[in-house]
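Next up: some structures, all given as structure tokens.
In what follows, chain A forms one complex with chain B and a second complex with chain C.
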Partner chain A sequence: MAEIVFEKVGKSFGSTKVIENLDLTIEDGKFTVLVGSSGCGKTTLLRMIAGIGPATSGRILMDGKDITHQPPEKRDIAMVFQNYAIYPTMSVRENIEFGLKNKKVPKEERDRRIAEYAEIVGMTPYLDRKPSDLSGGQRQRIALARAMVKKPSVFLMDEPLSNLDAKLRAAMRVELIELQRRLGTTFVYVTHDQIEAMSMADTIVLMEKGEIQQIGSPEEIYHEPANIFSAQFIGTPPMNVLPMEDGIRFGVRPESIDMEHQRVDGMALYRKGHIITREMLGAEMQYKVRLSDGTTIMVRSEENDRSDLQEDSDVWIMARASRIHFFDKDGKHIGHGGPDSLLAKLGGMNE
Partner chain B sequence: MTSLSSFTTEQVRELKRIKRRSWLMSYAMILPAILFLLAFVIYPTVSMFIMSLYYGNAMNPYKKFKGLANYNVRPDFWVALRNTAAYTGMALVLVMVLSILFAQWMYKSRKLNNVAQTVFFTPHLVAGVSAGFIWSWLMSSQPYGLFNTVFNALGFSTVRWLDDSSTAMFSIVLMNTWKNVGYYCLIIMSAMKSIPTEIYESARLDGSSSIKTFFKITIPMISPQLFFLLITITTGSFKVFDSVRIMTNGGPGDATRVLSMYIYDYAFERNNTLGYACAAGILMMLLMVAVTVFDFGFVEKKVHYQ
Partner chain C sequence: MIKAIKNYFVQPKWGLQLFSDIVKILLMLAFIFPFYWMIVTAFKSYTESMAVPPTLIPSVWTLEGYRSTFNSGLDILNYAKNTVIVTASVITLQLLIMVPAAYAFAKREFPLKGFWFGIVLVAFMIPLQLTYIPVYLSMQSMNLVNTLWPQILPMGADAFGIFMLRQSFKQIPDEIIESAKLDSAGEIQIMLRIMLPMCKSAMVTIAMFSFIGTWNAYFWPLVMTRNESVRPLTMAVEKLRDVEMGIRWNSLMAANTLLVVPILIVFIFASKKIIEGFAYRGMK
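Then we have the complex of A and B:
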């Protein structure tokens, strides 16, 4: 159990500043996901918590105690690396045991814990195998067991699923969520994958260029994006953002758009459009639509049996007021579903 | 899928012709190598074995058939064998330990290390005979010996490097270590560089001390290269000749008379003893085969291949 606090933390590599003046609190016992594109500083933050890439300025506190300059082995943490960092010359058992031996945990206790965690990750039959005999998913499980067996207060995970195939990744995602619920430990998880972030996190920390763009639950990030970056990072395809007067922009998610041949009353946004492409995704349909002013938007619909909405047909693009987000000229979120003054300016109603 | 039966007879014949041609081609490609092997390895080995059964000299090797009598070795053979073993043991330990230590020191990319690598590697390019000459001057106990000049200036007494039977062999080992360590160090270093940094970070998180990390992670992970070093240094040291010939010529007394010196001596410096030399050569070869088989049979089990 531990809460981690970053206070005005900075990190530079040589003369390149990656992170400056960053404040962040990672809540105790929660599943926190640091998400962002590569180079945004998320892994740098994780390595600071681990102590293998210390901050160049500011302080990091763990449960109120300053750990900024504490060596990694003195911190009560465990980490799972993207490439697993399994010791290839050791058997599965030796891999799991290595940290315990270094901590001078007695033999019986070590054996008991290895048996317990090997069982949890389903690696009991493979304890005496060498990692080179095992698959990627199995190596991943060794890395997990090796981290868990230390019973740390904080679990750090650096893109642990990105080397797995899609099916296994989905399965491991669920297992990791269950694991966190069962252990009740603080998890800090780094990923560039918004789906992983949305599905696993209690709290998402969305980063870009070394700065935090938004902190919130997956629901908040989706429904109340703090800015255009946040609005467009989450969701596939990303939110459509279109200009209005005075640098103000409005956004509407592809899945929030109604598309019909006829105008439907009671909407806030009306635009005429022309379907360019139509993709059948199974449960859903995805359309690329060109508006009359030449801009293109994406539309996503759960109505997957509409044979009348074909490529090259003219349609009405519509959305309810509550689904429309407004952003000021700096890209900051003003609100959604209002204010009325902006809703009235959406225009295109009488096209 | 097309099976062979779906081709016409004419096509099958054509395919077989192509196959035969490519078979001939591949043997033609390795023919030069086979010829070299026959001419410079197989033929000399066989003729050496035949000569070892005769009494004679280099001009006339087959004067009289003696059977296996030459294999009833003389006492000085055992002296030479013991010297060779001593040389090999010292060289093996010294070169292995130093190349691992230097590699560990140099494998981080720093400006100094690039310079150090060049400095360590350059001696490997010097011809063995030249290196032997230079070092016999350096180690000389005459007034022009550089080492002793420095020693005396620092207040130490003169060391009779090559002129004392207790230090002569070690002095030769020292010279050859200086000459070879850079090359082996380079091999170890590239192996160390291929270990992912995450493994070291993971070890730090697991609370492993740097000494423990070195012995439990670095050494096992470079074990294939260490095994390569073991084989090449052992076989190389067994055959040591040029440096010994130049620096001590087997002396003082018999202190540095190694097997190859013994063979050279009996083959070319004495009369009618070629058979002894050839028998010793065969024994030396068998010994090297035995050591290598032992290495592959027992030591290699400890080697971790990726």
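Then we have the complex of A and C:
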């Protein structure tokens, strides 16, 4: 159990400042996901919590105690690395046992815990194997067991699923969520994958260029994006953002667009469009549509059996007022479904 | 068997293959023959070893050569003891010095790291011959000439070994070290429990090189010693050559065999590791 607080934290590598004046509170017992594109500083934050890449300024507190300059072994944490960082010359058992041995946990207790956690990750039959005989998914499980067996207050995970194939990744995602619910421990999880972030997080911390763009639950981030970056980072394909006047822009998610041959009443947005491509994704259909002013937008529809919406056909692009987001000239979110003055302006631009 | 031969001649480009196989066999014979000649000559009688034309296989197998080596008036066992002491000390000393040095160069940050590593590389490039006189003088000033020490101390670290070990340490991902730190392992433990086992091949290779180099050393001990009592086995073999009544080839070859066999044995056991040492791939 632990709450982690960053206070005015900065990090520079040589003369390059990666993070400046960052404040962040990671809640106790929650699954927090740090998400962002590569180089956004998310792994840097994680390494600060771990104590393997100390902050160059500011303080980090764990349950109110300053741990900024505490060596990693004094912190009550465990970490799973992207490349697993398994010790290749040790057997699975020795890998899991190494940290306990170093902490002088008595032999009986060690054996008990190894048995317990090997069972949880399903590696019991492989305890005496060498990691080189095992698959990527199995090595991932060793790394998990090695972290869990220490019973840390905080779990740190640095893109732990990115080396796994898609199917296994989806399965492990669910397992990690279950694991977190069962242990009730603070999880801090780093990923560049918005789907992982959305599906696993209690709280998402969205980062870009060393700055936090938004902190919120997956629902908040999806429905109330703080800015254009946030709006476009989450969602596949990203939110369509189109210009209005005075640098003001409006956005509408591909899945919030209604696309018909006929104009439907009661919408706030009406544009004429021409379907360029049509992709069958299984449960959904995805279209690329060119508007009459030449810009292209993406449309995603759950109606996957519409044979009338073919490539090269003309359509109406429409959206309800509540589904339309407005952004000011700095990209900040003004609101969705309003204010009325902007809705009126948008209406004036309709076709 | 016949089928295998048939298959050989139906493979595409069998002519080229045959040519290359013959060349390989000839090369192999060229490498093996001197060893073969040494071993069989050692088992010939003195007269047969001098016979013209020479015999490929001894007509009578005899231990006369070995007997005369041990009865030559030279204290072969003392020479051998010196060689073993010097070789074992050099390897131990080298690993004690080179492993931490290579680890530091590969994975630690310290002031002027690049400069110090440059010095190591320079040492690697300076011809050994240039160092004879200064090292001799410094050994002399310490009153160590004519003991085993000058055969051990100057060989205590080897620039090439540091370089090679560093390369192999560098291939280990930093995350493994960080992970070990998170597992509460200390610096020494990380080096001994994590890094060294992962670099076993490189270590075996380096130990092998210094083993061969030290075991076969001739010139250096010759310069550094005056008394037979502190000289290595290589010099005993040399001694056998200048017995006044001409060279007793069977005895000389027996001594050579004694000198070479330990190297062959070690090499056979270590060869797999040595090849791995040159072709190390990190585990993904």
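By definition in this document, the second predicted complex is superposed on the first by the 347 of 351 C-alpha atoms of A that agree within 3 Å, B and C clash if a C-alpha of one lies under 4 Å from a C-alpha of the other, contacts with A are read in each partner's own complex, and residues count from 1 in each chain.
Keep this in mind: contacts are C-beta pairs under 8 Å (C-beta built on N, C-alpha and C of every residue); 3 or more make two chains touch, one makes a residue touch a chain.
Bear in mind that the values here come from a model prediction, so they are computed numbers and not experimental data.
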* Give one word, clash or fit, describing how chain B and chain C relate on chain A after superposing. => clash
* To do: Considering only touches as defined above, state whether A:10 meets chain B (first), chain C (second), both or neither.
  => neither
* Asked: For A:131, is the partner it touches chain B (first), chain C (second), both, or none of the two (neither)?
  -> second
* To do: Scan A:72 for contacts with chain B and chain C and give back first, second, both or neither.
  => both
* Asked: Touching A:338, do we find chain B (first), chain C (second), both, or neither?
  -> neither
* First (chain B), second (chain C), both or neither: which does A:52 touch? -> both
* Asked: When the two structures are overlaid on chain A, which partner does A:238 contact: first (chain B), second (chain C), both, or neither?
  -> neither
* Touching chain B in one complex and chain C in the other: list those residues of chain A. => 50, 52, 71-73, 77-79, 81-83, 85, 87-90, 98-99, 102-103, 132, 146, 150
* **chain B residues touching chain A - in the complex, by the definition given at the top** => 196, 198-199, 201-209, 212, 216-217, 220-221, 223, 304, 306
* **Residue ranges of chain C touching chain A (in the complex, touch as defined)** => 173, 175-176, 178-185, 189, 193-194, 197-198, 200, 283-284
* To do: Spell out the residues on chain A that touch chain C in their complex, using ranges where they run on.
  => 50, 52, 71-73, 77-79, 81-83, 85-90, 98-99, 102-103, 131-132, 146, 150
* Asked: Which residues of chain A touch chain B in their complex?
  -> 50-52, 71-73, 77-79, 81-83, 85, 87-90, 98-99, 102-103, 132, 146, 150
